[in-house]
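We just call them A, B, C and D in the order they show up, numbering each chain from 1.
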C-alpha cells in the first residue's frame, strides 16, 4: 500500500497510490463538483464537471477528478480560469438540455451563469448513467439501459415497455441527481401500507430487541433476488455482514431440556363478528402495543389508519377466551393489559375509552388499585359480551364510526356505542406446532394444547420425562411475573439435575438371566433404545442397564423367560392377577 | 353362589404414563365409573404378556382390559405397537377358546382422557353383564 | 497443401519467382517475335509455340518472350529479334519452329549468334 | 506452358465499381477465343492506385499502363497488343497538359514520384494467391523473426526503425510493443494484439486498399508483432462496409493457415498465433481504441477513460496492443531489410528517439478537387505541393487551389501558404491539423470553408457516441451555431463562442473523437477567419456555396434568350421567350447553379 505525495490547491497531503483524485480532495475538504459520480458506483467520468488542472513533471493536463488515479508528486488546481471556463460551458450545455433542474441552476449560479447562451431545454435527464449503473452493477436487476447514440441517446427500458426485471427497489430514484426518475404512486402506496413493517431490508427490530443487532429480511433483500448489491457489507466497517450464512442444523448433546416455547395470540378473525380484517380501524391489542411504543413506527402516538387521532376507542376483553367457539379457558392476562392500554390510549390521544368486559379479573398485588385508578380517570367500563362491531350508521352520530353493539347486563339494555377505533384484547392459545413439539419430547398435553406438567402442585415445571422441564405459557396462560418465576424454577431444577453429577437409573430396568437365555435374539430388535446386544462369544443376549428405560416389552416377548424386569417380574404380576381375582 | 345379581370381574392392565394417569385424572375429576375393574399398573402396555390375559381368564376374570398410550405417544416410543401386534394374534387364539370378542379389549387412552376411562369401563361392564360370567372357571 | 517448414518456404519462393519476375521486367534476354498480319500468316504463331515449349522444357525463367508488330520486311517473315542484356538486338528471318529452337539454344542460352539465319545486328534508328 | 505475358487487371473497390470484374472476364474470353489462353494470363490484383482513371490494367512484362477501359475496348486491346505486340495508344494514359500518351507505367508522373513500401506488392500480386506473395519474399521476415530473432530483438529493431503509429496518433510502435510485452509478463497473463481496420474517416480508403491489394503483408506483420509481444490471439476489426477486403482477408487467412504460417506450430516451431476477423457495425467512434475493444467484447462501442492504458488493461482486461493496418503492413519489411533502411526514408533523425522524426513512408488517399484522385504512398517529409501538384496532377478545370484537409474529421484545413510544408507528424500537428489516418481532401476556390467545417461537425454530431457531455452537447451546440452562420443568421460573438466551445471540448472530452472534433473549425478559423466574418457581418459567402447567402440573377444585357437555362432549371424558376432576355423568379430558385453551368453567354451571375 504505497503512499504518494499529493498537493491540492496548495494543501499538501498523502494518499494511497492510484486512489481517485476526488476521494483525496474530499478527505482534505476541497470541494469538487460532481454530477455522474456516486460512492457506491464505479466512477464513469462522463459529465466532466469534475475537471481539474493537473501539473505533472512540467506537463499541464485537464483531467476528470472522479477517476484520475493520483501518482507521486502530482500538483492539482481545482479553481483555475481554464477549469472554471470548462465547468461554466459544461453547465451552459447542460442547461440547453435541462434548463429547469434546481441542482444545475444552483451550480450555474456558482459559475456566474445568469442567462445560458444556448437557451433552456425542458428535459430533466442529463444522461449521467447513474441509474443505469446502480441498477446493473449494484442492484443487479439490469432493468435500465442506454438507447440510441450521440445526441439522440436516452435512458429507458427495452422497447420502452415497463420492464419485468424492475424490482421497485427505488435505488435509481435514490441516486438520480436531478430527480428525473420518480417512483410511481402505486409502489409508493404499497410502501405506505406497511407502516408497521421495517423500512429497509436490514434493520434492528426494535430499540429493546435482544440481541440488539441488525437482521436481514430475506424476502426484501435485493441480494437474494439478483445476487448483487451487498452495499451493507461494503459500508460495514466491522465487515460483520456475511450474506452466505445458511440455516444450520446442529446436533447439540445436552443433559436436560427446558421447553419454553410460549404461546401465540388468538387470531381475532376466529371471532368474525368483531370485524378484524374488514374494518381498517379494528386492531389487535398487540398492534396498539406497537403504536404506544416510543420507538415504534408511530413514535408512541395512537393513530388511526389514515394517520389521524381517534376521538373514542373501544377495548373489547376476552376475544377468543371464555368462549365455547374458541377457547373455554380464561387467558388470565387480557384484563390487566387491556386496562394498561386503556390508560395509555387515554393519556396519549386523549380519546374517550370504553372497556367491554365480562368479569374484571384484576387479581394480584396492586391490580385492583390500578382498576380503581382507571375508574377515577373517567374510563367507562361496560359489563357485557360484545355482540358485534359494524359500520352501519343508524343515527347521524354514528356516521363514519365503528358501532359496538353490546348488551349492558348491569343496565339491562342493549346499547350501541360509536367509536373511532376498536381494540380487541385477544387471548392466548397454544402454538400451532405444539403437537409436534410435544411428540418430539415425549410429553403429553392437555386438550387445549398446553403441555402437561408432571404434577400441578408437586412438580409444576418438570414433565413425565426425566430431564425435560417446561416453563412459561407453554404450560398454560400466565402473565410475565408468573412466567419469570417458572423460568427460575425450571432453571433450578435443571441445575439440580446437573449438579448431582450422575443420572439416576430407572428403578425398574430389565435384566437377562444368561443361563436361561437360548440366544434366540427375539429381544434384540424389540428394544427401541438398542439396550440389548447379542454377544458372539457367549452366544447370549446381554442388556445394558444404563440404556434400558424399563418398558418391559422384551420381558413379555422372551419365550424362555430369561428376560425379567425389576419390580414387574412375571411372578409378581401373576400373583397380582390372582390377588385381584380372589373371591 | 350368592343369589345377588351377576357382577362381572375385569382385570385391567394400565400403562403407567397414559391410561393409569388418565384413571388418576378421572379420580381427581370425580368421574364415577363401575368398580368392576381393579387395575394392575405396568410401565408400558408392551409389558403385558399374552399369558397374563390367559392367566386372568383362567383365574375367573370375566374380561380383560388393556390400556395403552395412543400410537406415537408411547413414553418408550414403540411399546404400544408391540402390544397391538400381540393383541391381534391373541384375539385369534381366544376366539378358538370360545372367548367372546367383548371380553378382551385393548384401548388407547392418553393421560388427559379421564372421561374415556370412565366410558370404557362402564361400557365393558354392561356388555359383560349381558354376556354373563366366563364359565371356564376350573 | 502440407504445412510448410522454413526450407519449404525457400523452395516455394524459387519456384514461384519465375512468374513474378515476368511481371517486374527484370530478365536476362528478350525474344520479340514479329506478329504483323503477314508474320502470323507466315507461321509466326507456330514459331512462338515452339519457342514457349522449349523455354518450359529448359525450365528457363528469366527470358522474356513478347510479340511486336510487323518489322517491315514482309518477304522474310516470320521474323524475331533476340536481344541479350546490354548487347545489340539481332534480327532473325525466315524462321521455322525448329529454326527458332536452334536460335534459342545457340544464341539465347549459348550466347553465339546463328549467322546463317541472322539478318542484321542493331536496330533501326527511331525518329 | 509457361506464360509469356501477364495482364494485371486492377480489382480494387474503385475500379470494381467502374466494372473491372466484367472487364477482366471479357479479357479472358477474348484471349481464349484468340487461342492465347496458354500464353497470356489475366491476373486480378488489388488497387493499383490510379483510381481517377479506373478501370486500369498493366500488361507485363512490357509495363504498358492502360486506363479508362470499357469492355468494348477489349477486342482491340487483345488483337493489337497481346496478339500483335502493338501497344494501343488511344487507351493509354495522357497526362492533362501532355501532348502524347505515356505508355510505360514508371514514367507516368502519378506513379513515378511515389515510393512503395507498404504497397510494394500493389498491382503485382494476386491477393487471393499466397504463392504470389511468397514469390515476392513473403513470410521471409516471419521466418527470420520466428527462428533467428528473439522477441526483444524484434522490438529493438522496430524502435530503431522509428516507426510511428499510422493510425493518426503517431505513437512510436516499438515503445507500445515494449510496454504491452512488459505488462503481460508482469501480470503473467497472455496479451492480445488487434488490427484497427475500422477506418471511419470520410474520404479515407488506404486501409481498405492495403488489405485488398496485399492482405498477407498485414497477416505477416501481425504474426511478427505477436511473436515480439508474446500474444497467441489476434483480432482484425474491419468495417462491414468493405466486402471485398473482408472476403480477400478471409481467403488469405485460410491460405496462411493451410501453409502453417498461422495457427498452431507456425513454420514447424512452437509459436502458435491465430487471427479472428470481427466486423465493425459502422460506428465511426469504434475506430477509437477503447471503443473498438468494447465492441470486440460485444458491448456498445463506447470509449473508456484513458488513465488506464489499453496496453496494460485492454480487451477483456488483458494487455492489448492495437495498431493500424498500415503500421502492421510496415513491419515485415523493417524486419527483412533492417531498421536502418527504414529510418533512412522519411524526415528527422530517429536514431536516438523515435519522437524526433517521422521515418518511413505514409499512404494517403488523395481525393477531392485533384486530377489524379487515388491511393499514393510517399516518403515522410514530402511537401504538400509535390503531392497535390506533382502526383495529384493539380486542380481540375484550371481552378485555383484553396486548401487541403488532412487527418479526416479530426484533422484540419491547411491553406496555400502551407503548400511547401513537409508532411510529417509533428509539422502537421504544429500547423493545427493532424496526420490522422491519411485522408487528404483537396479543395479549390469553389469550396466554402465554413460549410466544410459545418459538414465535419455535422458528421461528428451524428457519429458521437453521446456518452460524455462536452462532446454530445458541445457538438450539438457548435452545429447549431455553424448552421445559423451558413443560413445567414450569424450574430456578433458567434465566432468567439465557436472558439470557446472548441477550446473546452479539446480540454474536457473523454476520448480523441471529442477532443479532436473542433480541429476543422479551429483550423478554418485560424486560416480563413475572413470567410467567417463575411458570412456573419456581410451575410456573404465568398465561395458562393452557402445557399442562403447567394442569389442568381440573369444579366439582361448579356442574355440572348437561347433558352438553355430554362431546360436546365429543375424548378421552372426561369421564364422567357426564345431570343428575348429571360427572367429568374427568386422565390422558386433553389440556388442549385444548373443555369450558371448551362449558360454559354455567362449571362447568369452569382453574387
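Here is the rule we go by: contacts are C-beta pairs under 8 Å (C-beta built on N, C-alpha and C of every residue); 3 or more make two chains touch, one makes a residue touch a chain.
Because the structure is predicted, anything quoted here is derived from the model rather than measured.
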Q.
Touching both chain A and chain C, which chains are there?
A. D
Q. Which chain has its C-alpha centroid at the greatest distance from the C-alpha centroid of chain C?
A. B
(Q) Counting only Cα atoms for the centres, state how far chain B is from chain D in Å. (A) 111
Q | Inter-centroid spacing, chain B versus chain A (mean Cα positions, whole Å) | A | 52
Q | Geometric centre distance via CA averages, chain C-chain B, whole Å | A | 134
Q: Could you put a whole-Å number on the gap between the CA centroids of chain C and chain D?
A: 42
**Q.** Arrangement of touching chains [line / ring / star / complete / other]
**A.** line
Q: For this structure, give each pair of chains that are touching.
A: A-B, A-D, C-D
Q: Report the residues of chain D in contact with chain C in the complex, numbered from low to high.
A: 1-6, 8, 38-39, 60-63, 82-86, 124-125, 131-132, 134-140, 143, 147, 258-261, 265, 267-268
(Q) Using the touch definition from the top, list the residues of chain D that touch chain A in their complex. (A) 283, 285, 300, 305, 307, 461-470, 472-477, 480, 497, 500-501, 503-504, 507-510
Q) Hey, which residues of chain A end up touching chain B in the complex? A) 439, 442, 444-447, 452, 464-465, 508, 526, 528-529, 549-553, 555-557, 565, 568, 570, 573-574, 576-578, 580-581
Q) Which residues of chain C touch chain D in the complex? A) 1-6, 9, 12-13, 16-20, 22-25, 27, 32-37, 40, 48, 52-53, 55-56, 61, 64-69
(Q) Could you list, by residue number, the parts of chain A that touch chain D in their complex? (A) 43, 45-49, 51, 62-64, 67-69, 82, 85-86, 89-90, 93-94, 96-97, 117-118, 126-127, 129, 146, 148-153
